[in-house]
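Notes follow the structure.
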Amino acid sequence: MLAARLHEYTEEMSEALSIDEVDRPTADTPDAVVVEVEGAGWCQTDNHIVEGMWAEYAPQPLPMTLGHENAGTVVDVGENVDIVDPGDQVICHPHVTCGTCRPCRLGEDMYCENARFPGLTTDGGFAEYLATNERAVIPLPEGVDPAEIAPHADAGITAYHAVKKAVDELNPGDHAVVIGVGGLGHIGLQCLDATSAAEITALDLKAEARDLAADLGAHHVVDPSSADVAAELDAITDGVGARQVLDFVGADVTTGYAPDITAAGGDHHIVGYGGHIHEPAQALVDGEFDYRGTLVGRYAELQELVALVERGDVALRTSRHDLGDINTVAERLEHGEIEGRAVVIP
Amino acid sequence: MLAARLHEYTEEMSEALSIDEVDRPTADTPDAVVVEVEGAGWCQTDNHIVEGMWAEYAPQPLPMTLGHENAGTVVDVGENVDIVDPGDQVICHPHVTCGTCRPCRLGEDMYCENARFPGLTTDGGFAEYLATNERAVIPLPEGVDPAEIAPHADAGITAYHAVKKAVDELNPGDHAVVIGVGGLGHIGLQCLDATSAAEITALDLKAEARDLAADLGAHHVVDPSSADVAAELDAITDGVGARQVLDFVGADVTTGYAPDITAAGGDHHIVGYGGHIHEPAQALVDGEFDYRGTLVGRYAELQELVALVERGDVALRTSRHDLGDINTVAERLEHGEIEGRAVVIP
Amino acid sequence: MLAARLHEYTEEMSEALSIDEVDRPTADTPDAVVVEVEGAGWCQTDNHIVEGMWAEYAPQPLPMTLGHENAGTVVDVGENVDIVDPGDQVICHPHVTCGTCRPCRLGEDMYCENARFPGLTTDGGFAEYLATNERAVIPLPEGVDPAEIAPHADAGITAYHAVKKAVDELNPGDHAVVIGVGGLGHIGLQCLDATSAAEITALDLKAEARDLAADLGAHHVVDPSSADVAAELDAITDGVGARQVLDFVGADVTTGYAPDITAAGGDHHIVGYGGHIHEPAQALVDGEFDYRGTLVGRYAELQELVALVERGDVALRTSRHDLGDINTVAERLEHGEIEGRAVVIP
Amino acid sequence: MLAARLHEYTEEMSEALSIDEVDRPTADTPDAVVVEVEGAGWCQTDNHIVEGMWAEYAPQPLPMTLGHENAGTVVDVGENVDIVDPGDQVICHPHVTCGTCRPCRLGEDMYCENARFPGLTTDGGFAEYLATNERAVIPLPEGVDPAEIAPHADAGITAYHAVKKAVDELNPGDHAVVIGVGGLGHIGLQCLDATSAAEITALDLKAEARDLAADLGAHHVVDPSSADVAAELDAITDGVGARQVLDFVGADVTTGYAPDITAAGGDHHIVGYGGHIHEPAQALVDGEFDYRGTLVGRYAELQELVALVERGDVALRTSRHDLGDINTVAERLEHGEIEGRAVVIP
């Protein structure tokens, strides 16, 4: 079968992956599930993997097929698989977990001690077929197109997971800020609107993104290039600050907003990455705010997100691309030229 | 009356405060309480105030009497005060709050929108008498010496507040790390031991502090000057990491331990300060850990800490000093020469 | 001034209260607030008070003016009152609290150790003027009519408080059941819809109430007189049961649904009352469900409900009545002939 | 092999079970684990099963081997088992779960939709060998005797699970009540003491049980046969009531304490069963207390309890009995003549 593979780390997105002929995976363990991929989202993290930014965090045996936002149809299962049969359509949670380590037992499957992450540590879904397992697949509701829902497997669940932590702290009338209304941010904003009664302010440099935010439920939008962000938020929140900030950008400048815009006792959630935090410890003490990391989300959270999609509460903006055009997708995302989410159709 | 006052910011601790003759405060509002101070703890934060580190965070009308860890005997009360009478011994919560703003209504009195903080924003307790209010005093249990308990008014409650947040996340067998076993750390360690069944590891550069930690309940001690902290914690925790880290130091080097020693989903609590956080956003994403700020603690938490003291679960190491020796205390703390907590007796 | 007062307990609602001439209250303590009442809701609890059902739970010095759902305009304040001035429109939280006992300090003002409850333990709002205090008033947003919002002071906040506890346990796709879509239930249903993405099933004997439920966001409605409630819920929830049940009726038959319709680990919230729980302890063990009591709600929760009203998320169905017609209101509510909420205009 | 089996429901404990020769189980699925039983606790629930009290809650194919508190040595494993090998000593969680249903994914393994419960719904551990699976076994720490720890597999985890829910609500100085210091209660009391700083009051009709409670950390003991329980608790708690009540008895009289002894906002946990709740809904409203069911506990909680045992925080009182004496054990427990916990050695 054909697969888009990374052979060596590069900054040059036009040469990111090569389309190789490789062996098709088989269901060779009792819990194995093989999926024919019908949609695989391209993610900012794919650019970061290509650049080598994940090499120090996760082992990557190159060459390796990328693609961690996958959906499609089950074609083969191991002897012990009960929850799906060949022919079922599924979305694939990106973490293939064991179910017996303590984190798995606690429901914290992202911390599984025996996991693999197709597209990050083993072969992923930019290919005709993907090898995963029973604990990583969720059957799709009737009538949902795998190519439409695929990006929820990582972009969606990551946004939802961060929003869920934020919503736990948001009462009606409290203020929430969404920084960056791109691939993740536009999902997060809809999740926030569907599951809370918070007042939402969206920040984005691009006018189209701010318009999208307003369409999707933001009560206020701010252009950080023309406004004093701290002063704007102070006015919007009557001096109280935002109880929860969802930072889908994670640049130096956005992490630096925290001391100025976060309410006492509030949280600044780091979802996007690329930049750094540089703050005096005293700033966190004075405002008693937190920087909170976000790592994808749990299998059970992906079930909840699928329920939101089925209710019509969350809609994705997607565009479709052939496997052969994958480096063009990589390049265009690098230049901020992709609206919504690009899905590769192998 | 005599009061130890700051006239201008200085790095020179031997000239930090001057002993001035000032007017004695009176109970001039319905909720006012005037306390004859019988013990006032000197805190690392006092050194930071003297150096001007708090000037950008909190307005300070100089000259101002320092001292925010106060206990003593009520001598005068306003007409509406019900919970104490003259003659009652009390410990003074450091935040003098309104009781009607939304944070006060939520029990979050540290975020009160109309508060003053004696010793930080108005005259404090390094004086014969202190002006506070009904919402800031807690009657002492029978037989408790005000000079013995005074440091709990800030050091104690700050340590307890951070520990309480940590304990919410600690199951029996989980690992907790205490960084710095000084004035706050030795209280925090005892609170952790009394309210959880966590495995506790203490880090300190000084051998006496490590010995104290072992006496107070630490299961493991580590000397960060001679050991590879990450490797030690990896061994102690069987590769899982510490679910909760209490950083009573807050230096660049201690905040930098987080990515290496914190378990996935864990928290690094910033209690001490002076240094900075410098970490890539990606580190927080990869380990899904949080940096969490800590600002003193709630009035209700000080009640809980007094209950722990009354049960014999938390003992303070204190030394007593005359008001006239206050700059010597400041200087010795600056050089790390104070064991336990210094209490000034006005 | 005129006031509708209870002189003795009676089952006869047509003689419940008498309209007496009494002294107008004055602002005689530093925190006192006197409100000219512009709307006072009549509540099922008023019927229960008239019948003497609260005599064993709360001391009632008869004769006493009823009315615990009050809103109007401030006309007089004590010297220490900061948050309102004469002329301000307010809604009155029903619990007049001290602000200094431990429950108040924890934000649990319903458990205040020094509270009074106008209309239940002291004179209430079925009168031209009401005596309350600073801690019990919330300024109204611009343009809100006191007579329209008054019932939120008890019916609204009680429904919201129960819903808030339920929403903490509801993930998207989980099932919630609302039993009884009357005065409280129709508010609770809207709060549930505004602050969660749960699947909502409403139960009511009356067709109009079920229609109202469907209008307000219920996804399923069930008539318990014609359907097997357990079988219906089993079908609706795919055999899982409802994770949260809000029982706004509290009759023997409704508390008895719990073992059959509540999901493992779920909660049955007792909001309405009048009936009993009769269940074997083993039923609670087998299903690990809880019966959870609900007592009005916190001041901070009334602020949150006002925010929901201001956002347009919660609308009240009210009818207006003269003070002189108050016993007719009592009688009609007893016979289930009041749609929405009756508001008395003194 | 020999097994003690229930052939028909009976009130006559001297004829409860018969010792039959049956086939030894084999590891016939990929996740199967066969354990040689070295200790199997007899539980009050075994008496209830013999009496038929569980027939309506759980299907029981008679004849069936009882015994749900098992520990021993692994003798055979399926091909996919990773966490144990033959020769390893283990304690067996009583719920044999699937790992793929939504409750399992949430860590709520007691609510598994595909579980079996050896000793309650399939053959249990009063036999030489027990069939369980990989998700149900926990390796024992070095030096722990299976016969000593076996009762923790149900009595221990059930007590710990209830206590853990209680401890989440207990601050230092809050009051907790333990009703019944028998097989479960004496474990619960130790767990409470090890993981909280609550003031503990124990109630028991037997003087030996009250003495044991005092030895194990209770600060107050009450004999409900000679004291007015409500008045005693009122005195002990200064009129506030107990924030958490752990009812290890579950009789009509003990559930009836709730309105009188539970603090506002508190919980009465139903752990023992046999009696009923009979309370007016209004009582739960007036005191805003909850009746909370308790169903065994999670696998992860059994890991935590094993950690407490390893720390020396929880000690079991056990007596050992031969398989052939099992009906004598049943009879003596029925008459309250077993101190601590009876363990059958097959």
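Annotations
Note that the chains are named A, B, C and D in the order they appear, and that numbering of residues resets to 1 at the start of each chain.
To be clear about the criterion, contacts are C-beta pairs under 8 Å (C-beta built on N, C-alpha and C of every residue); 3 or more make two chains touch, one makes a residue touch a chain.
Bear in mind the structure is a predicted one, so any value in this text is a computation, not a measurement.
Contact with both chain C and chain D is made by A, B. Our note on geometry: chain A versus chain D, Cα centroid distance of 42 Å, whole angstroms. In chain B, the residues that reach two or more other chains under the touch definition are 108, 300, 303.
Arrangement of the chains shown, judged by which pairs touch: all-to-all, with no pair of chains left without contact. Residues of chain D touching chain B in their complex: 168, 171-173, 194-197, 300, 303-308, 310-311, 313. Across the complex, chain B is touched by residues 48, 53, 57-58, 103, 108, 110-111, 250-251, 255, 263-265, 270-295 of chain A. Of all the residues in chain D, the ones that touch chain A in their complex are 29-31, 79-80, 82-83, 98-100, 102, 104-109, 114, 134-135, 298-300, 303.
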